[in-house]
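In what follows, chain A forms one complex with chain B and a second complex with chain C.
Let's turn to the complex of A and B:
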């Protein structure tokens, strides 16, 4: 399995922990999970990316699309524990400004 | 793969075939003969040589395509044209094949003609086979070429436009303006095939730029999509086919900067949309690209150049 996602509630916020690689192969399943979550009204999401070792534009694309949906519904996706090699891709493809990034999950939760 | 019982050659298929034939031409005589000439020959498209050369025939067919009362004759004439090309040279076969496919893209009576459907069904499997066989080869060539690229080459490849040079800026702006005017003219004429082709070109060239007309073109796409269901999906397919062609042609010609720009644009425009063609292949190349950037320790340098 390229990517594993586990979900945990933290009050009104949902923390999704992603472990593995988010690329064209794993993006559709991750997209389905995020879509279902936001569609069910849980629009405040923290993505714990401590275990995410790689992201491609396919992964950025689904995060971006779901960020737009979450914002439309009054929520937001925040990122925590982004590894340098993953942040490099965000920076290179100019996605950094679209996602608030935090050093820890706790910091991201506090910001809601 | 095209479905049987086809009533029209889909525009994305015609565009994809045209680009694949161009890639076949870059791959050399053997591939060109195996995947294009032989299938047509085996399907009985080669007949005795005609009196006229393909050059003369092309002139006549072009004239017919502009005459609404004669456009229905284009497809049968194109079949005769291909038949004649098979008696001439490989280059004639390539040119005439692309011409027939372009005619299908421009005129619905051509893409719905039995000759066009027959032609597409003959080429569908061989061209798909060629693409599949090329995929691994291209990824390996791309990886090898990336490994031997210098830091400076990488920096150049990641600078879409050299904005430091005023002349370059002017050229890019002029090109965008010319393309935008052409889109407006095609829109006023309600020429959907031309609009689709021009908008695809405009978006591929300017998606990463701040061209002043970009938002107008995006609105135009929305309007078209409302009026013509599936317009956006076809446009995406067109853009993906163009960008994939740029990437593969870049690799085949040893122009890795062109390939990197294509991958970057593809990534920027589609952001992992799984509906567009070639997304897995481009994703794998994107992965190789990042891997080599990491190995060479170039991330900071490249981000600075953004």
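Let's turn to the complex of A and C:
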């Protein structure tokens, strides 16, 4: 499967680095990981998408569902280093408004 | 580039190869964003056939035809799934979708937004989905 996710703590925030493609094939496992993280109370999340080269509606769907869960629990998912072709998909579905985007992981962390 | 025809089985494992042949077909004529949109639109339609049309049965056929037509590209996706016209699907409420945290239901909206799409019944059973993208 063409997606690797690594996790790193940065104080009260968890930085998840996604490398590869978030599509219908990889989305279920990514969803499990995000769901488990947020379910464990770690609701402040930065997704470092510098290595994410492709996203489809299946990927956006799991991000949307987990953003809703994080917000309900008082947290939020923020995005960093989003590539133009990935941001374009967020724009097409007007999801840009739902996910704050930052140029660097550090900037995303500072905003919490 | 000459017209091309590719056959796939109805499995998500085929996604990488499916996207690669489209990338190869359009790569010299479209910019990165437009190319990604074309690949995305066809990806969405392909996944819908696998998950909904064939209900995850992995041994069904899906055919992709690609051709240059006038000032753009024409893509045709053919299956043997039950008849389904995606153009009759209700458009999603994007704001409501985001608010509710829904995780599905955006694929048809995406590909009909990106490409001029038509649907017809396939002789002998199944669907023919035709998508056109101008090479602007």
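Here is the rule we use: the second predicted complex is superposed on the first by the 112 of 112 C-alpha atoms of A that agree within 3 Å, B and C clash if a C-alpha of one lies under 4 Å from a C-alpha of the other, contacts with A are read in each partner's own complex, and residues count from 1 in each chain.
In the analysis below, a contact is a pair of C-beta atoms (placed from the backbone, for glycine too) under 8 Å apart; a residue touches a chain by one contact, two chains touch by 3 or more.
This one's a predicted model, so the numbers in the text were calculated from it and none came from an experiment.
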Item to complete: Specify the outcome, clash or fit, for chain B and chain C once both structures are aligned onto chain A.
Response: clash
Discussion item. Contacts for A:58 in the overlay, against chain B (first) and chain C (second): which applies, first, second, both or neither?
Written reply: both
Worksheet item: Of the partners chain B and chain C, which touch A:2 in the superposed model: first, second, both, neither?
Response: second
Item to complete: Applying the touch criterion given at the start, work out whether A:68 contacts chain B, chain C, both or neither, answering first, second, both or neither.
Response: second
Item to complete: Figure out whether A:33 sits in contact with chain B (first) or chain C (second), or with both, or with neither.
Response: neither
Worksheet item: A:25 contacts which: chain B (first), chain C (second), both, neither?
Response: both
Worksheet item: Of the two partner chains, chain B (first) and chain C (second), which one does A:98 touch, if any: first, second, both, or neither?
Response: second
Item to complete: Mind telling me which of the two, chain B or chain C, contacts the most residues of chain A?
Response: C
Discussion item. I need the one stretch of chain B that runs into chain C once the two models are overlaid. Options are 2-10, 38-46 or 146-154.
Written reply: 146-154
Worksheet item: So which positions on chain A get touched by both chain B and chain C?
Response: 23-25, 54, 56-58, 60-62, 64-65, 85, 88-89, 92-94
Worksheet item: Given the complex with chain B, which residues does chain A contribute to the contact?
Response: 23-25, 27-28, 54, 56-62, 64-65, 85, 88-89, 91-94
Discussion item. Under the stated contact criterion, what part of chain A meets chain C in this complex?
Written reply: 2, 23-25, 31, 54, 56-58, 60-62, 64-69, 84-85, 88-89, 92-95, 97-98
Worksheet entry | Residues of chain C touching chain A in the complex | 12-13, 15-16, 19, 32-33, 36-37, 39-40, 43-44, 47, 50-51, 94-95, 97-107, 109-110, 113-114
Fill in: Of chain B, residues touching chain A in the complex
158, 264, 266-268, 270-274, 279-280, 283-284, 286-287, 290, 293-294, 299, 302-303, 306
